[in-house]
Structure formats: C-alpha cells, structure tokens
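Presented below is the structure to which this report refers.
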Amino acid sequence: MKIGVFICHCGENISRTVDCPKVAEVCRNFPGVEYSTNYKYMCSDPGQKLIKDAVLENKLDAIVVGSCSPHMHERTFRNAAISAGINPFLVEIANLREQCSWVHDDVEEATQKAIELVRMALEKVKRDKPLTKIKVNVTKRILVIGGGIAGIQAALDVANAGYEVILVEKEPSIGGHMSQLSETFPTLDCSQCILTPRMVEVYQHPKIKLFTYSEVVKVEGFIGNFKATIKKKARHIIDDRCSGCGLCMENCPIKKKAYNSFEENLAFRPAIYTPFPQAVPNIPVIDETICTHYKNGKCGMCVKVCDREAIDFDQEDTMFVADIGAIIVATGFKLYNIEKKSSGSIYKGYGEYGYGKYRDVIDGLQFERIASASGPTSGEIKRPSDGKVPKKIVFIQCVGSRDESKGISYCSKICCMYTAKHAMLYKHKVHDGEAYVFYMDIRAGGKMYEEFVRRAIEEDNVKYIRGRVSRIYEEKGKYIVKGEDTIAGMPVVVDADMVVLASAMIPHDNAPLLARTIGIPYDKYGFYNEAHPKLRPVESTTSGVFLAGACQSPRDIPDTVSMASAAASKAIILFSSDQLEREPVVAKVNEDICQGCFYCKKVCPFGAIEVKDIKDINGIVFKEVAYINQGVCKGCGTCTATCLSKSIELAGFNNEEIFAQIAAL
Amino acid sequence: MNYGYFPGCSQTSSAKEYDLSLRKVFEKLGFGLEELCDWSCCGATSAHATNHKLSNALALRNIVLAGKQGIKNMVAPCAACYNRLITSQHEISMHPERKNETEELLSEKIPADVKVINVLELFFKIGLAKISENRKRDLNGIKAACYYGCLLVRPMNINNFDDAEQPTSMEMIAEAAGATTIDWNYKLECCGAAHSIVRKDIVLNLSKKIIDDAVLNGANVIITACPMCHTNLDMRQRAMKRKYPEHLMIPVLYITELVGLAMGMNVKDLGIDLHYVNFNYDEYIAEKLIA
Amino acid sequence: MEVLRKYASELLEKKAVAAVIGYVRVSDKRTRPAIITNPEDTSSLVFDNYCLNNLSVYLTKARIKALCRTSDKPMKLAITAKPCDVHSIVALIQENQIHRDDIHIISFNCGGVVKDFGLEFSKETLASKCIHCESQKPVYFDKLFGEEKKIPAAEDKQLQKINEIDSMSTEERFEFFKKEFDKCIKCYACRAVCPLCYCQRCITDKTIPCWIESSSHQRGNFSWNIVRAFHLSARCTGCGECERACPMDIPLGLINRTMAIEAKKSFSFVSGRSLEIPTLVGSFDVKDSDELFM
Amino acid sequence: MTEKIILKDDFLKICSDLLSKGDTLLAPGQAEYIRIKDISEIILNTSALPPKTSFKSYAFPRSEPLLYYKRGKNDVQIIDINVEGKNIVVIGAKPCDAESLSIMNHLFTWDYEDEFFTARAKHFIVIGLMCSNFDEYCFCTSVGTSPVSEKGSDLFLIPLDENTFAIRIVTEKGNEFLKPYTEFLKDGNEQNSAMITKKVKFPEIAFDKDEVYEWLGNNFESPKWENIGNVCLSCAQCAFACPVCHCFDIVDEDYSYSEGRRMKNWDGCQFGHFTLHASGHNPRDLQSKRYRQRINHKFRYYVDRFGKILCTGCGRCSRGCPVSINIKEIVSNCKD
Amino acid sequence: MDKEKWEPKIAAFVCNWCTYTGADLAGTSRIKYPSNTKLIRVMCSGSVDPVFILKAFERGADGVLVSGCHPNDCHYNAGNFHARRRWDFFHKLLDFIGIEKERLQFSWISASEGKKFADVISKITKDIKSLGPFKAYKQMNSEFTVNFPEYNESSNSINKELQ
C-alpha cells in the first residue's frame, strides 16, 4: 500500500509550535509511506491540488493529512481524495492543530506528539477499508399519529405538498383537545370556528387517508421504509352507509349510563354516539360495554331507526398494514388528575384538595366545556353539583406543575394564559361574580400574552393572589380555599362556590407504549425526546420519526401548529429525493461466528438489530444470528463492544483499525 | 413478638393515661412492649430550632441504645418523638457527614436497622384483625373524628405508612374497634402545639376550630394519637367554654383508650378519668358485651 | 435412583425427548456425563453427591443440539441438572442459546457435591459453591426428584481468601495474581467446561486483529484471564466448573465470585436466578452510579 | 549396562554440585516438575503418582520466540535467536516421563530439524526413578513400558533401602555424566536391584497395542467415536498435560507498530479450530473426528511413521479430564 | 530508564461527539495541557471494549482514559449508559487483580467543556507521573514461564538495536 502524508502549516497556526517540515521528513521513513510533504494551507485550492497531483503522480492508495480537527476539514480532504480517485474512507486526519499545536508550547514536545499522531493515523489508514455510501429507497407516504391540531396541521402540510398521508386518531373523531375549547387566548376567538374547517379539509383531502377510532399497534423498518400496522377498532357502523343523520343516537334508550368524555364527564352520552355534533367523520360508534344488544341481544332500536342499514353489530376490529417513509407523532397530552394515584406512579395526587371528591372542584378542560356555548350548560357558568351560578370562583394555577412533591417539576406553559382567559370569560358571563387566581409566577411570554393577562387584572378586575393553596374543604356548601398571599405575607381564606384547577399537562398514559412501538426515546414523564433540544427540536432520535405538539412537551396552539408545520417540512425534505444517502459508518455482523446471544440487540439504542435465521441445506433453522439493518444503524458501535465473540465490526472504526492505532501510540 | 417502647417525656406526665392504656391494651393483645433502658429526651423540644446538632444527637442517642438492646422495631407513641426520631434517622442517611459528626459526638456507631414506628403503625403491624378478634364491647354509639395533627403522618416521603394529606389509618383502627368514624376537614390542622403554654390565646383559637369542625360533621368523640394534641384539645375546652359559652364540650380519647374500651376495659383501667372533659361512659356505650 | 432411570427411560420410549443428558457411574467415586439416546442405557443413570459436572454445558454444543433434529419432528432434550446447574440453564435461555420449550429439566433437591473426582464426599471435600449455596431447590424444573437434604456446614474458605486478597495492597494483589496466572498453560479447559463460554469462536481464537495473545507468557496469560473473567462478570452463575477443570489449579473461582459479589452489591443482581429479571449485561439504569467518572 | 551403588546423601551431593555449576535441575513436585533451587526440594519418592505435567516444557516450552522482526520503510529486518542449550538434569523422572523426549525427538528431527527442540533436548540428562505405585489410570505396561523401565533414562535409580540407591548407567551420556563423581560410586550387583524391581506391582495390561493398531485401521467410521465425541468438551487439557503431545502453532506478536516477534506456542488437536482452513472448511469439524484423530495419532499414525506409540501410559490426560474420560478405557474398547 | 527523563504515555479513548469536540474546544480556547496523552477517536464511549485498554497497556501505555458524553447527553441516547456499567465491572476487576486504580480513569466531558478536558488530561498525567512507569505490565511481555537465558539476551540485543 502506498500512502501519502500531507502536513499542513495552517498559516502559522500549526507551524508555530510544530516543526512541520520535520514531521513530514520523519514520516517519510515510516513503513508504507510513499510520499510526504508539507504545505502552508492544505485546505486551500492549491493545497487540495497538491494532494490530487501527488496521488496521481505517485499512485497513492491512501492519504493521511496532518491538519486541523477532522470536524473541520475531514469532508474537504475526502472530497479531494474522491477527485483524485481514492475512496474517501481511505483518508485519515491527524489532528495537529486543536489537539497539538494550540495546546502545547514546547516546539520539540509538540513536534514529537505530531509525529506520533500522524503515525497513529498512518497505522489506521493502512487498515481502512474502502466504503461506499449506503443508499436506501424512500416510500413517499407519511403516517401521522394523532388527529389533534398538530396532526391535522402536519397532515395538511404534507398532503398539500403532494404526498400521501395516513392520519390515525384513536378517538371516533379528529379534533383533539382543541375542539373542546371554548375560546382561545389571547384573541378570544371561538376555537371550534377556526378548527372545524381544517377538520373538514382533512376529511375531504384526496391525499389524506383518515383512520379514526384506530390505533397504531406495530411499527417495523427504518427511515424511508417503515411498515406500520394500524388497528381499526370496530365502530359497529358501516362507514359508507352512514349518512350521519343522528337518528340512532336520539333513539338509543340508554341515556345515562356513560359519561361523555368529550364533555369531560360533565354530561352523559347514549350507547351509540358521536363525541360531539361537529365530529369528523360524522359517523357514530357503539359502546359495547353499555349497549343492551351486547348484554342480552335485545333492543336493536338503532337498527330499527336506521333506514340505510348502517348498523353492524358483528363488525370486528380490522388490521391494516401500510408502507410508509416517515412518521409524525402528534399524540398530544392529557391533564393531571388530582385523584389519588396508585403507589408506584410518579404522580402523587392532591390530598389537600380532597383527591377529587368535591364535584365543584374542576379542572381547566371541564371549565372550558362549561364556558363553551356548545357545552353541557350551553355556555352558562354553573356548578356541576347543583347547577347554581357560582358567585365566587377560585382559580388555582400550577396544580401539579412545578411541584416536585407531586411528581412534576416542569412548567406546563399554557396554564397562566388559559387561567387568565377563564377568569375573563367568567367575569364576562357572571358580572357580579368575584374571581380569584392563586398563582406562583405569571409566565405570559408570547405575542399579546402579557397584555391579555393585564386586561384580566385591570379591566375585568380579577383578583390575582401570589401564593399557593394549602387546603380545600367543603363547609356548608362552600369550598373553603385556604392559601397564602405571599406578597401581603398573610393567610387568605376564600369561601368559594367553585374552584378551577389549572392542572399540569402530562403525556397520555400509553405514551411510553407507543414510544416503544415506534422505537423512540421518552423522558421520565413520558414526553418524547427530541434529537437535539435546540437544533433538532422536531426530530426524534430515530431517523424518519418526527414530533409535533404537546407529546414532546407542553405547548400552546401557536407553538403546536408551527411545530407541526416544521415536522411536515422535515418529512417533505426527506421525500424530496428518491433515495437516501447515508454515511457507511454502520455495524456489520459476521454471521459465521455470531453465536446469537443477542446482547447486541439488547444494547442497540435504535432497535437496528434483528434476528436472522440461518438454515441448513434442508431448510431447517440451525442457528439464529444477529442481523443489523443498515438503514436503522447509526454507527455508535455499542454492539461491537458488547459482543462477546467479537462478531460485529463497525465500518470505519473496526477493531483492527483501533488496535493499529493503539500499537502506534 | 416484642416491640421496643420509647415513652418520651409526656408519657410519664401529662399523658400518663396514654402510657397506661397503651401498655394495657398491648398486654391484653399478647404483645410485649420492652421499654428502652436509659432513654432520654428525643430532641423534639426547642432543640431542633436552636441547636441542630443537639437535636440529632439526642434523638440518635436513643437509636443507639435501641440497637444495643437488640430492638428492631421501636414504637414512639408521642407524635413529636416519632417525628423527631425518624427525621434524624432520615437526615443521617442522606448526609453521611452529619452521621459522622453525630457518631463522633456520641462516640458510638449508629445502627441502621432500628425502625421507629408510631402507635398507628404498631396496630397495623400486629394486624387490625387482632383488634376485631378481641372486641368485647360494642362502640357503635361513638362517632369518632380521628385527629392526626401535624406530626403523626409527616414528614412527607419519609413517613410512608399513610397518606400525608388524607390519612385514613386511624379511621381503620377505630372502625376495627367497632366505632363509627366521620369524614371531616380538620384532621391535619394545627392545634397550636407547643404554644400551649406561652400563647394560650392562639391555641384556644386553633383548637376550637378543630373541635367545631368535628362537631359540625357529627362527631361526638375526638380520637388522637399525640399527647400534645390531646392536651390542647382536652385541657383547653374549659377555657373555650368560658370564652364561648355556646361551646359544646366533647371528650377527647387516645386511640389506645378507644381500643381498650372496645376490648372491655373500663374507664378507670384506661385512665380516661384523668381527662379534663368528662367521658360519660353511658352516653356512648350501651353496655353490651359481645360474646 | 430407580425412579430417575424409569422416568428417563419412559421419556425416551415415548419419544418425548431425543436424548437424556445425565450422569453415569464410572467407579466408586467417579461419575461421567453421558448423552443417552437409547432407553436401555438409562439403567446406568445415577444422581448423588458425586455428580459434580454441570451438564448444561452440553446444551450449547451444536452436536448435542443436532440430536433434537434427528427425527422428523423436533424433539426436546432432557437434562439432569442440579439446582445450581439450573441457574446456568436460565442464563443460557436468557442469552438465547436454548429455548425453555426445547428442554426438559430433570432436577433434584441437592445435598451438595464433592469438589473433584476421586474424593470421598464429606464436609471437607464439599465443593466450594456448595458451602455458600443458596439454591438447594431448583428455580425451574419439569420434574423434581429426591427429598430435601441438608448440605453439611463447612467453612467458606473461598470467601476468606477473597477477603484476604481484598485487604492486600495493590502490589501484593498484582503479585498474587501474577503468580497464579503464570501457571496458566492456555489449555482453555476453563472455557470448555463453562456453560456460558459458548462462543463458537472465542475472542482468543481471533487473530485479525489479535485480541488476546495466544502465547502463554505472562502477558498472554494475564490478558486471557482478565478477559475471561470480564466476559463472565455478571453472567457467571458460580458453578465453579472452570476452577475444577483447571489442570494448573488457578483459583478462577476467586475472581468469578468477587465479580458476582460486586454485581450483587452494586446492582442487586445474581445471574441465572430468574427468567423475568433482565440480564445485567445489555441493560442499564440511568441511576447507575457515576462514581467512577470525573 | 553397569550398575553402581550410591548413598542417597552422596547423590544429593552430586545434585548440589550441579546446582553450584549453574545447571538446571528438575524434580517432580506436586503439580509439575519443579526447578530445584535447593537440594532439600528433592524427594526421591517412588510411590508418588506422576505430577500433573511432564518436563517436556523445558525442551518444548509452552511459548517461545523464534525470531524478532522489525519493519522498515520497505523491508523487514529479522533477528534470529540462537539457542545454546544448557544442561538440564531431571532427577527422579517417572519412567513414564523419561521416554518422552526421545519419542518427541522423532517428530522434531523428521523432515526438518527443529533446532529449538534439539538444542535443548541434547543437553538433557534424565535420571529415572523406579515407580512403585499406580492408579486406575496408569497403563504403562499396555504401551510397552513399565514402572521399572529404563527406556529414555540416561541413569536409572532403584532404591535398595532408605539410604542407598542402585544406579544403573543406561547410556553413554549417563556414563559421561557420572565420571566426575566416581568417588561416590560403589560397584553394585544387578541381582540385588532386580530383587527389588521384581517385587514391584505392575498395572494390569489393559489392551494389546497391536490389536488396537489393527482395529484402528479398520474402524475409522466406528460409531464409538461419536459416543466419545458427544461427551468430550474439546478442551486441550489432555494434550497439554501429555508428556509426548507436541502440536504447536506459530503466531506473530507485535510489540508495536513496527516491531514484534514470532512465537511458537502449544496447540491441541482437540480445539475446534485446530484444523480450520483459511477457506472456512474444517475437515475435523466434529469432536468425534478430533477424538478419533487423537487416538489414531497416538496408537497408529505415529507407529506407522516412527515405529513408536505416542503414549507413555502415564494416565495424566484421564486423571485431569473434566468429564472423566479415561483413555485407557477407550483404547481398551478399541476392539470389536 | 532514566527516571527524570521518563514521560508517561497515555491513551485516551474518546467519543466523537462530546469529548473529542471538547478537546477541539480546548484547542480553540488555547488551553494548555501536557502532551503525553494521545486521543483515539471512537464513535461512542459505548463502543470501547475493555480489551482496548489491555492492549494499550500491552503496547506500553502507562495510563488510559475513557471519556464520553455526560449521561443523558449521548449522541446515541444510551451508549454511555452501557459503557458506565461495563466500566464499573472492569474497573473493579482490574482493581481486584492488582492494577492501580489510577491507571484507568473515566470521565464525562461534553463538547462545551474544553476547560474540563484540559483539567482531566492534566490530572491523569499528574496521577500517572506520580505512579511511575507501568513496569509491572510492561515487563510481562518478556517473562516466560520457562525463562531461558537466550530470550533475555536476544530481546536485550534487539531492544538495543531498535532504539
């Protein structure tokens, strides 16, 4: 093997403390070195030309460049190598600037180290194998999980770019939490009014295939080549026959057996129902757990009234498998429930607020429904317990959030704003009412946000008290709210008619399960982890899986929508080429000697390792070995160190190369 | 099985009847209480506010003694003692340097395997079934408001045997003894505690609120497991009556006394006659012995 | 013993298993592993205090595994295993070397075994693993024989030695092990008898690059013994076969046991005790100690 | 052959003289032949079983460098090692070990002279000692030697009583060796020592070596091999303990990026990779084949080539076998 | 060897994303540190095999450093967690066998901790200097169980020649 050594002066950056000509001279006599030189700026055009010429003239097979950090110019020199006809992975960089000339003063010492560094690079390059970039085909279809505003936005953006979208929502209708909201801060425009057109657009979009009342149960594959299995739960309604007339719901004899979860349990729903009138698709679902038919086979009222024969009691769950190229996860959030939590849960619940036993102590979403014109009280503010109009109302912020003793240390970000909104809505509807807000800090960062809160305080005369509430208890029909005004420095007791808790936003209970299904990491709460908190906020660490909305951390609507569009554009970028190219630094198994203990599979952070059967000539499996999916592997090499029989090698950093470097120390 | 017993100062004075009833009840249930030899102050005096080292050293001295006597489970019936002891234990487990410091002060190694429990925990350790099995008398005339006070189920996360915000263990014991319990709001509220002597006015005010809420919710007896709470609730009622003539006097019993009554012991045996507010036996208990 | 033979013979006759891996008697105080495929041969099966081999090592041999495929339908392998050997089987299942469904475990309530062939079973000749045995009953089995027995109590000399080494200075420890490893002749008997050293090609057999120098000079011996111990740490179930098989009497058990003690101390993990508990190698806890790291 | 008589103390005097001259003295210890540093370590015990390993490693070390090399810019520089053997005296070699070097010598001088072995072997003086004990693994008599055999020894000791030995001078080398020490020697009578040797109990002859030779030739594909192969775990304890097994492997060992040495290391035919070809093919892929090779090599191939059985009947391989395979039993079974 | 002239040889296995970048930052910030340590870049601290360390010792390293991203910061999510467990065992094993703890050190150095990188390198260099050359390990390569005099003579002569 003929190797060329090129020592860069980097102006004076290297040559000030490293005797570059001497390094080049000494290296000339190392085994395998055919050509050795030094130059002022190796990365400059003449420098690169020098490399190219030397390669061609001396028929070099590999080159070592002693220059700045490979993080700076590895790519430059690899490109120079390509232009000279050398495989780019037969280029090694000895870091003579950042890790030598800049950190040592003594010329002799630095020169000696430089020689040793070049020697190590030389020994590595001798063992380097030519590698070619890995190409992976891309299926240009995206799976969006979650049909809230994040999912809707992402789906529309990708679909409008011309790619197919599969949108999966676990509830019977898309819309998510946003459809439950009454009005939105800071503009107080009606939430449904801005959302519903979007929902319809999704439904009608030719590129979007909508799966409601469905769940993603399995995801296999890797970026560009995922395969997702979607379970469509049985609605017991034949979709294309239903006209959405609603007769079945009206006639269902079961009226008060199940709470309406869309109304946050403040109202009931029949056994056959759509969550809300504007549901998309407007097709009902039969709740098997309460429907009489599933108890004793009787009733069948809905069948009788449905003249389109859309009811099918025997319908079963169906599975769909779809090839997709990317995934956007937009599964959203739920609210911290103050009820007593089972032991082992990281959440503790609120004993001091009665663990949810008082009916008029409600959470923010319940208040949204009470305030909503389409809600159970038709927008009138009434107490759930007795329907009286509360004359004194207390809002408590940071219930769960920012309270490590309750299991959560983060700020839920939106509560300051919606509490101000709630208080404002209350004052607008109950003019003689008194509204109190207990807060820790007011975090109103956002366009028009601070102004909004000031308006609640100044124009609507909401009483903001800075302090925590220590206890709520019922006394003679009133809720005694005991707290502290930390500004006045004294205890406060409010005998309220109703209390609204701004509960923390937490991930859905099954968020970790979905994360494991897809293979993305999540934090201790169950929020999905982004690849980099600053520079890659909408990508998960698994290539091809993007995040949008509150499944990643608490977010308000504008943030969610922008994140959804960002995720969508990431997916569109991915789809803009037919094939993906990636660095060939991936691990590979020697199947002959792999013993199939699958410790590698256990340690692989990306699930890139699969089980492969090795068969004898008769087709009988006699051995299972590890197989590394090159599309998924990110080349960390954790498997190589874990492998006991050393059957895995990481291309570009294989063991022989590292041993050679050690030998040249 | 024997349990270690750390009485604490009040058990020998203001809360004699607590000590008495505790010993009697457990004797009858068949469990020995082995009093800690040479026990000393637990440090729950003002020590923990004025001299932290001293308060730890006082508490842990007793733990050292328990270790030497081979005690693994030690009951501290006084909520203040209990709280002080477990807090000190927790502190040295979190801060090895404080452990070293205290060990130096005591010139002894502090054992790690002495578990301090309160009376409620003790009942749970022997099993509530034991109480119902030994029930001799019907207590269903008693509507008990179980009052925990501020120390018994705290500090949160150190004491894990019951919920720190909505405890229910005392209710379970009272019900096992055959009493009816009520749901009320003041079971953890402050009684005034150590202000008992210096600021009677505060104590009076706070304790009255507790008693009033119990009465409001239909209680006819308040149950406690803390000598200090008992003192404030029981002793201060006459003063309340003087200040608020409409005040309803309500007897305050220790949980051990309640269990003792259920087991057929009489008022005198249990020292209930030492209370300030008279416990009119007949009013609450129809003398009906269960076979 | 008769019930065992009858049971094994029935298993083979019913074709429920392809082979029975068991012990046969060679002489008075010696047994030998045997792979029995013929029901008649079961008459020589034994189980007693002289059955000291850990037979689970055979489950990893391709030749033995192939026996299952000799007829049309795949059959199970029956193995007679002491409760401690069952731990090795558990580890092998966890490491995907065998499947629980493919084996039929015949186990025994164990009263301890002798430490090497040719010795009379007694308190003094008890294998060191039996002295600190905590598993006289198997954690998994398909058939259990024998009544519960008592292992004679004996001094745990191995633990004393570990403590003694622990109290030495670093130089003394180095000298101690240098002397011990120096004896190594690289016959790899320790590897051959170890159920968990199942790699077809051991790291020491790899030459490009050369991981462990195959020369048996001190450095090669050191590398081999360190790597062997490391590869087994948190995996070794403590069957003690390596130490027994070593012709040069290198106290490999000391190292294995020290690492097992560390695993228990730092991670409350004991290898091969349960199929449900994930292996320590290949898993991590974000709360693991950061003590080592600057 | 002449026989002399020597007092034990006088014999030890010879030993201490050798020590002072700087010769290497070996004598059987518990586990191996130990290098004597003080004559008190010499215990001339006829009833001890052979130590776990023989003294072959002093002529054929477990690992030895053959040459040193250094890579230059375009060449490799080689530095040879010149072996100048130094005297090694084995004191009290078991009769089953005494012959080992001469058996191995055939192999090491056959088509190419292994100077590393021969240079050392020719400096060996083997002083054999009669053996009076055997266990279930011993079968020296079956391979044509015996507890009183002088084969391989240069000098052979027979204890006449506690303090006196008859010393038989077996070879010229032995004779030369004793020349400086004639003062200690008295003439002996062969009949006296023969009285002693006659009393020695021999292990029973377990098999007829010629029959075995025949059988092996006809039963290459016997099912018996498979049965053994299933039990054997493929360690090489047997080969490494064997006094005459001589397989070795040659590997290069780098010191650094440019320097290193070539090593000759023991190898064992029971290892799965012993015959693994570069192509990936392994002619002896199964343990049964490897075990067959072991027995065939010892009892047939070596005989074919050199007329010698490659086995001294010491029984070490069986004594140390982790799965108690007994070679005596197996070879005895090599019949129809 | 002349004790005064002796300078330790230290190998550092560092991950590409955090520590190597941290080392670059130390350079960009011109923070000086001793030149004894040479870095071997690997993709992740999780890919460092314990045998690498033994090899380094065999090849004459007097000390070894392994450094990666801080827990939870791993570019590959979990490589360093696996490494942490591995090193816990390996370090204990080496300690038990009698290799000085300071010969093998570990650290977490992020891409922003150039100063920390320089500090860690200075510390390990100081530690190794005070321990002296790792003779115990180095000598082993010329020690054979059966030591024939010619080995030493030849190896001495070759060593002389090579130097």
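Letters A, B, C, D and E mark the chains as written, and numbering starts fresh at 1 in each.
Methods note: a contact is a pair of C-beta atoms (placed from the backbone, for glycine too) under 8 Å apart; a residue touches a chain by one contact, two chains touch by 3 or more.
Just so we're clear, the structure is a prediction, and the values are computed from it rather than from any experiment.
Undergrad: What is the set of chains touching both chain A and chain B?
TA: none
Undergrad: State the smallest step count from chain B to chain E, taking one step as a move to a touching chain.
TA: Steps on the shortest route: 2.
Undergrad: Comparing centres built from CA atoms, which chain ends up most distant from chain E?
TA: So the farthest one, by centre of C-alpha atoms, is B.
Undergrad: Going by the average position of its CA atoms, which chain sits the greatest distance from chain D?
TA: B
Undergrad: For the chain pairs A-D and A-C, which is connected through the larger number of C-beta pairs in contact?
TA: A-C
Undergrad: What is the distance in Å between the mean C-alpha positions of chain B and chain D?
TA: Centre separation, chain B to chain D: 84 Å.
Undergrad: Could you state the distance in Å from the CA-based centre of chain C to that of chain E?
TA: So the centroids are 34 Å from each other.
Undergrad: So how far apart, in whole Å, are chain D and chain E when each is placed at the average of its C-alpha atoms?
TA: Centre separation, chain D to chain E: 43 Å.
Undergrad: If a residue has to touch 2 or more other chains to count, which residues of chain A qualify?
TA: Those would be 603, 642, 646, 655, 659-660, 663, 665.
Undergrad: On chain D, where are the residues touching two or more other chains?
TA: In chain D, residues 62-63, 254, 256 touch at least two other chains, as defined above.
Undergrad: Give me the residues of chain B that touch two or more other chains.
TA: Not one residue of chain B touches more than one other chain, so the list is empty.
Undergrad: Would you tell me which residues of chain D are touching chain C in their complex?
TA: 31, 52-53, 62-63, 136, 227, 229-231, 233-237, 239-241, 249, 251, 253-254, 263, 265-266, 268, 271-273, 286-288, 320, 322-326
Undergrad: Which stretch or stretches of chain C touch chain E in the complex?
TA: So the residues of chain C touching chain E come out as 165-166, 168, 170-178, 182-183, 203, 211-213, 216-219, 222-223, 226-227, 229-230, 233-234, 255, 258-259, 262-263, 266-267, 280-286, 288-290, 292-294.
Undergrad: If you look only at chain C, which of its residues touch chain D in the complex?
TA: 26-27, 30-35, 53, 57-58, 61, 63-64, 117, 183, 185-189, 191-193, 200-201, 205, 207, 210, 213-217, 220, 241, 244-245, 247-249
Undergrad: Which stretch or stretches of chain E touch chain C in the complex?
TA: Its residues touching chain C are 50-51, 54, 58, 71-72, 78, 81-82, 84-85, 87-101, 105-108, 120, 123, 136-137, 140-145.
Undergrad: Along chain A, where are the residues that touch chain E in the complex?
TA: Residue positions touching the partner: 69-71, 95, 97-100, 102-106, 109-110, 112-113, 116-117, 120, 521, 529, 541, 585, 603, 605-606, 634-638, 640-642, 646, 650, 653, 655, 658-659, 661-663, 665.
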